[in-house]
Structures are given as structure tokens and as C-alpha cells.
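After this come two complexes, each holding chain A, first together with chain B and then together with chain C.
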Partner chain A sequence: MDSWSDDDDWFYESIKRYDLLLMFDFSSPVKFIEFNDLDSVCLIFEEENCRNEMSCFSLPKKLTVLREHEGLEKDSDFRLLSGGFSQKSVIQVKILKGTNTMLASEKDLCGLSVYKIPSENSGIIHHTNTIHSELLSPKLAHNKLDSLAMVDTNKKNVVLLDTKEFVVKGKIKTEENEEESVIIPEFVSPHSLGLCNTETGSVSIYDTRSARKCSMLHSAQPFPKTQWTLSSSFLSTSHIADSNDETKLGLLSTSGIISVLDTRNPQHTLSCEKGKDICSCSAKRNLPKIQFCPSKFPLLSISGFNPNIYIYDFSSENMKNIFVHDGHHRSSSTCENITTDHVWYKNSVMSACDNLSVHCWEYTR
Partner chain B sequence: MVSASYSWPIFLGKPWFKLLHRKFLGEPTQFKNIQNLPIVHHYGYVCDLPPGHRFPMKKFHKVYDFLCSSGIVTKHSQVIMPNKIEKSVASLVHTDDYLDKFFSGSTSTEEQRVTGFNWTSHLVDRVRYESGGTLLTTVLAMDRGLACSTAGGTHHAFPERGTGYCLLNDLAIAAQFLITTGKARRVLIVDLDVHQGDGTAFIFKNLETVFTFSMHCGRNFPFRKQESDLDVELREGIGDKEYMSSLTDYLPDVLQSFNPDIVIYDAGVDTHAEDNLGKLKMTDEGLFKRDLFVLTNVINRGIPCATVIGGGYCQDIDKLGKRHTIIHHAALKVWKQKGL
Partner chain C sequence: MPDIKVTPLGAGQDVGRSCILLSLGGKNIMLDCGMHMGFNDERRFPDFTYIAPEGPLTSYVDCVIISHFHLDHCGALPYFTEVVGYSGPIYMTHPTKAIAPILLEDMRKVAVEKKGESNFFTSQNVKDCMKKVTAVTLHQSVMVDSELEIKAYYAGHVLGAAMFWIRVGSQSVVYTGDYNMTPDRHLGAAWIDKCRPDLLISESTYATTIRDSKRCRERDFLKKVHECIDRGGKVLIPVFALGRAQELCILLETYWERMNLKVPVYFAVGLTEKANNYYKMFITWTNQKIRKTFVQRNMFDFKHIKPFDKAYIDNPGAMVVFATPGMLHAGLSLQIFKKWAPNENNMVIMPGFCVVGTVGHKVLNGAKKIEFENRQVVEVKMSVQYMSFSAHADAKGIMQLIQYCEPKNVMLVHGEAAKMEFLKEKIKKEFSLDCYTPANGETSIINTSLCIPIDVSLRLLKAESMKHNALPPDPKRSRVMHGVLVMKDSSTCLMDVDEACREAGINRHFVRFTSTLRMEDPGPSSKTAEKLLQLIKARLKDWHVQLTDGSISVESVLVKVEGNEDEQKSVYVSWDNQDEELGSYILGLLQTMGQ
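Moving on to the complex of A and B:
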């Protein structure tokens, strides 16, 4: 990608590169982006004074309407619906769609904090209760239905929470050879939970109904001093877009290696690529992020290495980088900024960077 | 923090689209979305206090909730969120030493005791949001003619210390900001809280461009009063009629003679008969008439008005929250009557 001489050149060129581009600056960096429903999004900001500010915004109409009607819409702003503060520093959040409930894993908390996102007549996102468990600051995964998996990276046990009743409905004991590693969970189907070993990039798939291991997948090649993260195409499918194939698993390393595997055929890597111009993540930063496009296109996106979001086409064995969103980079920046989160919304992407910027964009195909 | 927002429609053989230049989602962008009486509110106005604490902190949420449920406020087109006040702006009124201590948590036990609060970082946040809210309300009022905050009125704070639940003097900061930035040449502070605005009076005692008018109960805190430009001391126990009689005697003349560019109005409801601390006996109806009188007199003269809710202390937090919305009801009535 060419480097732009200054911001004005970039904006001029962006007319050709984007079908939609909305750019915002907030007063604090956004740490997490979570959609609440079809029309609203929750932004969790970087912590200050040991807590995070949480705000729920309605989405700009320009983003939510059909692309062919977008030009008729004037509304291009987020509008604040409600807000509040977390009890402690937030590690991860999951929003239970349709219930206005946010579950948060927080620093030094054994269990989860439950927050209510209010309806019309109140502006406060408030803490309602704490679900106590033996898991300290667990990593979370939600199957979009009624199960939340919580993994304590120290204890290596998985606790399954019924998200309708908020009771523990099962536990999975992971295998001993995983005890020394950091594990992160992600559902690959409604009843299949993937546990990614961040050191090796191997993913163990467990059936949550029987608590038994079904299969194991490996990343393309192990790399020393590298950490891995994962995402599944199952998570990206949504009733708001044409359903994508739900069988893909994406692995991303801090050195920029991307692997796409098929959960039905775990021995075969569908597509692989070492991201060009992607430097390894600093160990101090959070793990990078990989997401599948929710629409029918075989696309995935990665972020967390620098201010850019990279979009890849994995339809062939050699994955192809087809677009780079470099709008978060500012020519006036004196330090290296990093994207903090990105999520797909239909064919658009919402991305956040630690330089206070949040963008909603759809590149021109 | 300037909004560089602009857009241009381009036709490149594709359907029309607009590219929006970088926009700040702070105050400037929110400005243009306001289509009715501006209401300044932030969920950060509230912080946790120890159980049983006398200060009714949760009233700020109640005020907002009642405004939404009563239809006074439409969130999308009226509510605007302030930013936290910056130290550089607060230093227009407060000493650097005090601000450094307050922001960093270095105030002494005694200094904290007289404020009524123990220091926490969240307390600092809420104070900064509240002061930022009052400042934004005045800026909005200059732009739109009338604007209301759902908090504000911390008039007991002095340059070098806080007292009486007040840690930064939001009224003074806002007034001084307007003067310093040239947005206003003359600012009138009408303080109808039951307690004298002693901090504000002290801050502006030598400044001719800010006129402090405080009408309060002589027997209420602070017992050692400062000297406002105009102090009207009311005797203990008076009701609506006597109150309005005094207000009618003084306010129009002050407006006429001082001729301000903006009025900052502290509409404290602690003059109410049910207030735990106030020693007057006003009613809800009396408060409404009072607020309507102030706003009508100000707006009729073409003077912008920014309102804050001021003091109010009652164990029934719902009643208190509703009472604090009286000023917003009055403001909306004036807004509609005057076609602002």
C-alpha cells in the first residue's frame, strides 16, 4: 500500500477506495466493540481509575440502511442511548443479544459481572449482580444461544453457564498437556467449543453436551515466541446477512501468520498466508484479532499489529490480501498506534484504534 | 477541540455517497444534532458513596430518568454529553495547588472533611463531569438561548478549597470561561439556592464583569457569609408568596441595570418545605412559578440563560428527583412560548 503524503491526500483517494466511510474521534480510546442488536452498539473505553466507561450508541442510519439507500440518509452520527461504568477493569465482554444484558469478565473478579443495558426511560448501564465462580477473570465464549463458556487460564477448567437462567450447567476438564499453556475459548458450532492453545496454535474441539474432546486442529506451522488466537465463521453468521459457511476456523499468530481450517476436515489447511508488511505484535499488547466476514464472501479480517485492518480472500490455498484500511494512521502521529478492536456489520467494518479514532467503513469491491 | 466536519457529494458513475471528514463525537458534533431545548447530562454525574451518606448522589440519575419518562426529553434530539473539565479550565478560578491536590488525591483529611466527601478517583471524575456539564450548558445557552443541565450549582467551592459538598465551583468556572474567551462580556449569576453562594461571591468580589446575586435564607449554611454583589437574606420559614415578593423586587432591576450577556441560574430546590437542610417553606407550585418568573424575565430581555439544578436534600430520592425537574418543565414552557 502506498504511504500517503498527508491526510488530505488520503481523504481524496478514499473517495475511490470506499463505498462508505464514517470517521469519529472519541475522548478516550475504545477497547472493545460489541453490537447490542441490529441498531445499537456498545463501546467499552480504555480503563481509567481502575474502571471502564461503557456507552451504548444507536448506529448511524447511513450504516444500517441498505447500501443503495444510503445516499438518501443524512444521519451519520452515533447517538448516545445509555452509559455507565464497570465495577473493575474489564477483561472481556459478551452481550446476550435480545436481552439487553452484558456479561463482563473483570480483573481480580472470580466470576462475571452482569450489567443491564436500559430501555428508553433510563440512561444508565448499571451493574445488577455478580455471578460467582471459582474462575478468576475468565476468558469468555458465547454460542449465540444459551451457553457461555468461561475458561480460567490458570485452572484450565471450562465452566459452561446457562445464559437464560445464569446457572452453571456443565464443566469440561481439559487435558493435562494443556495445563502449562494459556487457553482461549471460541465456539465453532452451537455445541462445539474450541480451546486454542495460544503457545502452539493447536485447537481442541470439545462437545459441550458430553464434555468430551472430538478433534484437534493444528495451525500450519509452529513458530517460536509466537502466540495464537482464533475465530470461527460460526460466530460471524447472523440473521442480518446471508449466512456464511459455518465450518471455518481461523487462526492468527502474533507474527502475522493466518491459517484457515475446516472443522470437518481438521488435517487439511484450507488457506494460509504470512501477512506481508505485518510486523510481529509487541508482547505487551493484547493478542491480535481475526474475524470472518458475515456475508457470503470468503473473506476474513485481521487487526492488532499496527493502525491498519487487513482483509484477505481465503477462497484459494494462497490467501490474498485484497484491502488494507489504513485510515487510522495519522500523518501527525509521533508514536506507533495499534488498532484495539474491529467487528463486521453486514459488509461493513467498525474498527477502533488507540489514537481515539473509530471508523465505520466498507471498501469498494 | 474543533470539529472539522464537512462533506461533499461526489458522483463517479456510482450511486451518490457522501464522505464525511473526520468528526469529533464530542460536544461540537453533538451540537448540531440538538433540535429542541438542550439538556446537558452525563451518566458520570454520579459516583458511589458509602451507604447512608447524606448527599443524595443518585438524584442526578433520577432527574434524567424522570425527564425521559415524562416526555420532556427526547434523547436523540435534546441530550448532549459534556466532557470532563480540564485542569487548565478549572485553573481560571481555582489555584493550581488545590487542583493538583484534588486531582491526585493529596487533599488532607481535614480538607476532605469540610467538603463532606472522602476522596476517591471516581469522585474527581464526577466533579469534573459536573463542572464540564455546567460549562457546556452556558456555551449552549449562548448558542441556543436557553439550555439546562441535570446537575450543577457547586457554589460553596473557593479557589483553594472545597466546602459543603462542593469541590469545584462550576458556576464560577463557567462564568470566568465565558469572560476569558470573549464569549460574554458581562455574566449575571442568579443563585436562588437556599444557601448563599459564598464561594462564587468570594471569587468574583473584585470582578465587575460578573455580577453575583444570591437570595437565600439567612439562617442556613454558611454561617459566615461572604459578600455577593447583591445578597437578599430571607427570614426563616417564609413561603411562596413572600419569596416571590422579594424576587420580584430585585431581579428585574438587576437585569435592567447590569444588562448581562448571559444569566447562569442556580435553581436550587432546597427552598422547599420538605427539604432536609433548607429552612424555607416553598411548595412545588411555588418553585415552578419562581423558575418561570426568572426564565421569562431573562428571555424576554433577549438574554440567554443557562440553568443548573442546585441544591436539594430529601430522603425520598424519587420526590427529590422530580422536584429538580421543575426547572426543566419551566424551561420547556418558555422555550415553546418564545419559539426558541
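Moving on to the complex of A and C:
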């Protein structure tokens, strides 16, 4: 019998490569993926007419159930729980877990828009109010507890918002003085906020309780014409209550350099690698993304250079690429597509690409 | 405004028995007549009391249309005809008419023999019901009566599934039943032309779902089968004779060939024959690839899949078997299950829904021990896998269908209400269409604009065109066309007056109006006429105004001034009825001047 499709080979190979593989096509590219709780996820889509569609879906049961019960579960679909549209073009979102509240930094907005994700059957995510501040379209970081850091990327001021009362509880005047640099924040522990200079890759750690700088970390080596982004293992391991691994910081450059640093020992780079087959991504696009695996394995993932997601083992000084998810390329007729976001869910990864595809996958270890 | 009324009797905001009562142009149509497989009491049937409080329902329902053979769409039909007493026309496609009675009989057997129900329709009821059915062909226009027209379109989903276009007068509705916008291995994708119905009634089972790709579900199936046979286990796949069985066979055959696997795969005898017969009979309903292959050889004559013999049940080593029935409630699949269940290396893959009470339902709920009538207890140690291969349109597919057929309104049925609020908003935002989601028993009234098609005579069109220098009509700037509406027999035509008079066999008469004004203007009347001429010319720049023999003329409007030099002038204004507007304007103008 003739084969039905040239894609068959990739899917037959995937039977050995993946323990789990779910592929979805949406009608618009997904811009951001944010978990609402353990069973649901919010997808923010690319803007249309200066507004973004925001939809909350229940996760496929095949993804959420324990592997030993997976066979009895036939549900492998995303189910829409609620949806809505943003007021303006969304720059970044953070969901306050357990409160059904989404905070969005939007274009040309001084402050944040607050959206309510309905828990009952009303179906509509609606804008409830705006938290005004002097920060224009700020970058956000959440410590998973009660603090949201808002950073004006140009003025380098940091405002700390109490996410229970929605009041400002502190401000940090940073020491950044390079006018051209852009700052992005990320919490490295509940009370330690890292501010990454995207031009140099250096990260200043501030104690949010005293508003004072504690330490500074540098990326392994500076590179011209590159930009840096960061992530901390603290963010990933918050899903797992008993993890002690809260001290790693991952830095990723637009030229594909990956560094893993220990915040307790800032002078020592744990692991470093120049991603092979990764071409520098254009600065005009969004910064690439780096994420730590939430499980006990020393794994991290990067995306944003092409349609692939790369997984690295950083247990030794020379980081090793152990898996490449190239499934988004199967959905695309060109190689020019780029992944837009990816997040870990237990041992699986959820990834989105600008060719409208969203995948949930777990590679075979 | 003429309305369309829709009342779901089932499948309004729920998934289960689909049964929708549609009223348009004075006709009542029942769309599907399904049974809810989750209930054992009267809730399994649609509530027919919504149709009429009393009396024979045949008087109230002009026809019944069945979209496909799944029981949640046709399961209550024998009850509706043989117990409730409907005896009017019933329409469905040829494959549906051939296959529906098989499923109805299967269901009847399970209900009566397995569940011990006594108050159920009989085998004879099923046969008598099907005798009342008229089968329709795709794209064939069927006049149910002189006013009600229906047409079937390909829906994909299962063999014989159709979407129906229904028209009465100038109002039309499209009902989708269950459909699928992506082709699969043996059926094509749904298709409909840009028919622009007043209302699209779409199934929305998966409206709020983004479905995992079919390739991934197939991959999962192949992975599970391969893992089982790799450890020497046996795989049992209980199937219904038609539908997913063919799909899965084609899938396995392709995989076995590609991976050069030697493990035997079997298909229960009788299953193949029945399936082949039906697919041969309805080859035009399959997709292009199947049709092409069937011309060369029998599509279901596989290289790696062979007929099964009961003696093979005890054969050692790995194998894969497709066997009926699909819910493990009787027959060969149950026999095989009893033998293989105690071995943890083996696997059963359930590809479809299982009714409560069946062995299939029990194993899907995790039962580890099953007791049978003869007190035989079977331990279930084999791996149980539940997979869905059903082909329904998801949110993206529904938006695609709306784009195809361009309805003026949308109604979503056969889905869960609460989650459809956002989908309604999306439809409104993207297409600017009103979207309805009525519950069972709730009537939605859809206003439609009255649209009466009218012919226009060529002569009138030419005259109108000449007035505008042969420029075509501009949708943004309307042009008024005057004519006489002539209704003759069943046609309505706009024609010019002379044509209409000839048509009616009457002479044309002209009516002329005259009005007299008094004006104080000393001097000769010719000078007054001159002044009036200048005034009229200034106001009617685009008109041909002239003074001839002391009378001002514009089209048929004449203005004549009389009176001596010292006397008050009399201004006579007259016009034909055709120039009523112009004449009134000029009269008003002169009256103002006179004042």
C-alpha cells in the first residue's frame, strides 16, 4: 500500500523518541503560555487590531494524569474554559495562581491591567481595573507568593506590588547607569530579585525587603551585538513542593550562548555552551527563552531561534544537548518560523510556534 | 419580519440526543431524532411534547431529516414513528438508510437482552420505520412539497453523513449534523457551497475544544500496539463493522508495511465482507484516494491483515485482532477478551463509546474483575487503552464552515452551554454575526430580512442605464428606478409603464396637474417670465430649462405668466404626474418668490 504522507517517517520515528506527543493547531499564533493552575493554562495570542485574544484552556487529561493511568484517559484535547480580549497590545502577563487573576503589562499603559479569569461558567475573561503607576509598559516578575516586581526597562526603576492588596509596598532604585541598556527582572528566590542587563548579560541581585543590592553575576564572556535574557530554577521548582534546587540562574544570549550560574557562588560558572546549529536570532524579534526543568534532573531548555526546542543537560561544565524537539518544523512549510514560548509541565514541555502550532511533549529518556 | 424559530428537543446545550425542531415559512422540520445513550428512562428520548400538546404529530411535522447513522442522531426514530405515531416523510442519505437499521438493531439487543428492558421498540418496529424513509443523493434538490426544498451536502464524519440545506420561499437554513473539516484516511472533509443561509445550525460538540491532531492520536495508537507486540502480547481491538475499523486497518497496514513487521493482524470474518460490501456500494462517499485504489483493487483487501479464525485465539505469540462487537457485550470480541484479559502482557484498545452495563464500559472504568452470567469471573490484568478517533469539527473547523457558507446567523447545538459564551463573542467579532445557543425546550427566534426576488425588464434596465451614462450601479450610492410591478402567475417583474399597460391590455392615460399663483410684479409679463426663468435656472442647474413662446419648460413642467403691466400677474404652473416631484418643487419655489 502506498504511504499516505511524507510526514509518516517523522511520526514513526517519534514513536521511539517521545513518551508523549500532542500537537495542536490554533487559528492565531500563541504569543505567551502561562499556567493558571495545575489543570489549566492561559494562552495569549498574537495581537489583531491592537488587542490580544486571551483564552484559558483545561489541560489535556493525557498530559495531567499519572502515566500509569494514562491509558484509560482518551481525552487529549484542550478544552476552552473562558476567553476574552485585552484592552491593548500585551507586552507580558503574570497569573496570580489560586486567585484567577491575570496581570498584564500593555503597550502605552502606565501600570498594569487586571483581568479576572472566571471560575464559574460565565466564559468571559474580563478587564476589571487598571493599577496605575509611573512605569510605562513595565517588565514583570512574580515571586509566586505575594510580590510582583515591575521594572521600567528604560528608567531602571523597580516597583514592588503586593499582589494580595494591590498596593505598592516598595521601590528599588537600581544602580544601572548605562543609558542604552534594558533591564529585565526575574526572582531568584522569594525575596531576591535579579535584574539582567540585556546588553552585557550581567545580573544584579537585590534583596526586596531591604531594597539593597546583594551581589552581581556576570555571564561567562561578553559578546558584542548580543542581547541576554535570564531565568531562574526557583521559578520552575515552585511547582514541586519538596525541591531544594532554588539557586541556579540561567543566562541565554541571542547568539546562542547558554550559561548556568550559582547565585550562592557568583564567580563560578557551573556550565556553559554555545548552542550548536543555533544561528543568532534577530534582535528585532522577542528575546529567546530559557527555562529550567522542574524535576530533579539538571536540565534546561531554550527556544526562540528557529522552530526547535533544545534540551540541555548542565550537570557538567560542558553542557550537553540531549534532545531537540523539531516537531514544529513538521507543521511548517518553511524553516523561517520561530518558537514563541515554551514552558515545562512536570516532565513534559508545552511549546508554541508562530506557525500556529502548540505542542505538548515528553521525550523518551 | 419573517422569523425562523428553532427549538432543540435534545442537544440544546448538551451532548446526547440530537433533535431540533425548525420552523420556517410555515413549515416544521425535525432535524435528527437521536437517543441519549446515557439514560435508561424516558430522558433518553427527545421531549416530543414541545411539538404539539396533543393530536397526531404528523399534522405538525412536515418532514424529518436524519443526518447520519450514529444513535445519538437516529436512535429515537423507530420510537417516534412506531410508538409516537409519526407517519410523514423521513429523509436521509442512502448509506445512512442502509446502516442505521444495523445499529438500531444492535442497540435494541443490548437494551433488551443485556439490560433486560421490556419497554423498548422491537425488531419489527425498526423494519417498519425504515420502510418510511426516502433516501437522497448528495447535491440532489428534493421538493418535500411545493414549498419545502432540501439538499444534502457531504459532511465527512462517518460514511453517509450529510449536512442539509433547507429552503422555504426566500428563507433557508443549513443544519450540519456532525461533520469534520479535515479529511481522514477513508473519508473526505465536509464541503458546502457559498449558499448564504439565513441560519447555520452547527454541531458544537468540540466547539470549545482544540483537538489534538489526528496524526498524534494515530501515533499513540501505533505506539501502544507496537509496545504490546514487542513484549509478545496480544492486542484486541473491539470495533463496530463500519467506521473507525476501516480507518484503523488502513493505518496499521501502512505502518506494518513501512516497519516491515511480521506479527499477524486479523480482522474478524464477516466484518470484512460486510464492510467491503458497504464501501463498494457507497464508493462515491469515500475519499478520492480510496476511490482511486478501489478501481485498481479492493481497498480492504490488505496485505498484512487476514481473516481471523477462532482457533487462533490460543495461538502463542503476539498478534492484533479487530473483532466485533465494539462494546465487548457479546460475540467474538467478548470471547477473545475472556481468554486474553488475565494476561498482563496483552492489551485491549477501546476506540469508541461504550454503553453503561456493557463489559466495555466496565473495563473503561477500571474494573479488575468482571463476573458473567454463568458465574464465571474474569480477572482483567491486560492493559486497557481508551482512544478517541471520532471525527468532529473543533472550534477552528466551525469557524471555517462559517467562512465557507457565509450565513447571516449562527446557532450552536450539541455542545456545552457555559463554555460557548466566548465562542459566541469570537464569531461576533470575526464575522459580525449573531450567535444563538438555546437550551432544550428553549425557542430561539431569528429575524430574517424579507427578500423577494424580482425580475426587471430589459427595456427598463436600458432606459435606467442611459440616464446614468451606462455606468454600472454603485453599491454605495443607490439609484432610484421607477417602474410598474407586475405580478403574473408566480413571477414578479418590474417594467416600464408602456410595457405594463401592454401587459395589462389597457391604454395609458396621462394626468396633468395645474396650479395658479398670483404675483405682484409690475411690468410686462415677459419680464416677469424672464425673472422666473433666471430663478429656475439658478436652482435647477443640472436640468434643461428653456423659455419658448413665453412659456418656461423643464421636462413636462410648464410655467406661463399672464397679466397686464400694472396688474397682478397670474403664473400658471402645470406638470404631468410623472414629474410630480419636479413640479411640486418648482411650484414651491415660485410660491416662495411670490411671498
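Assorted remarks:
One rule holds in what follows: the second predicted complex is superposed on the first by the 346 of 365 C-alpha atoms of A that agree within 3 Å, B and C clash if a C-alpha of one lies under 4 Å from a C-alpha of the other, contacts with A are read in each partner's own complex, and residues count from 1 in each chain.
Just so we're on the same page, a residue touches a chain if its C-beta (ideal position, glycine included) is under 8 Å from a C-beta of that chain, and two chains touch if they have at least 3 such contacts.
Nothing here was measured: the structure is a model prediction, and the numbers come from that model.
Placing chain B and chain C on a common chain A by superposition gives a clash between them. Applying the stated contact rule after C-alpha superposition, one finds that A:L300 touches neither chain B nor chain C.
Look at A:I183: by the touch rule set out above, it reaches neither chain B nor chain C. Steric collision with chain C, judged by C-alpha atoms after aligning on chain A, is confined to one stretch of chain B among 96-104, 240-248, 258-266 or 276-284, namely 258-266.
Residue overlap on chain A between the chain B contacts of one complex and the chain C contacts of the other covers 11, 14-15, 21-27, 53, 62, 71, 76-85, 121-125. Note for the complex: chain C touches chain A at residues 185, 206, 208-213, 215-220, 222-224, 226, 250, 253-255, 257-259, 289, 302-303, 364, 366, 383-388, 394-396, 399, 417-423, 425-426, 429.
Those residues of chain A whose C-beta lies close enough to touch chain B in the complex are 11, 14-16, 18-27, 48-51, 53, 58, 62, 68, 70-71, 76-85, 120-125, 357-358.
By the touch criterion given at the top, residues 7, 9-10, 12, 14-26, 29, 33, 41-44, 61, 64-65, 68-69, 75-76, 79, 81, 83, 121-122, 124-125 of chain B touch chain A in their complex. Contact residues on chain A toward chain C in their complex (touch as defined above): 1, 3-4, 7-9, 11-12, 14-15, 21-27, 53, 55, 57, 60, 62, 71-85, 121-125.
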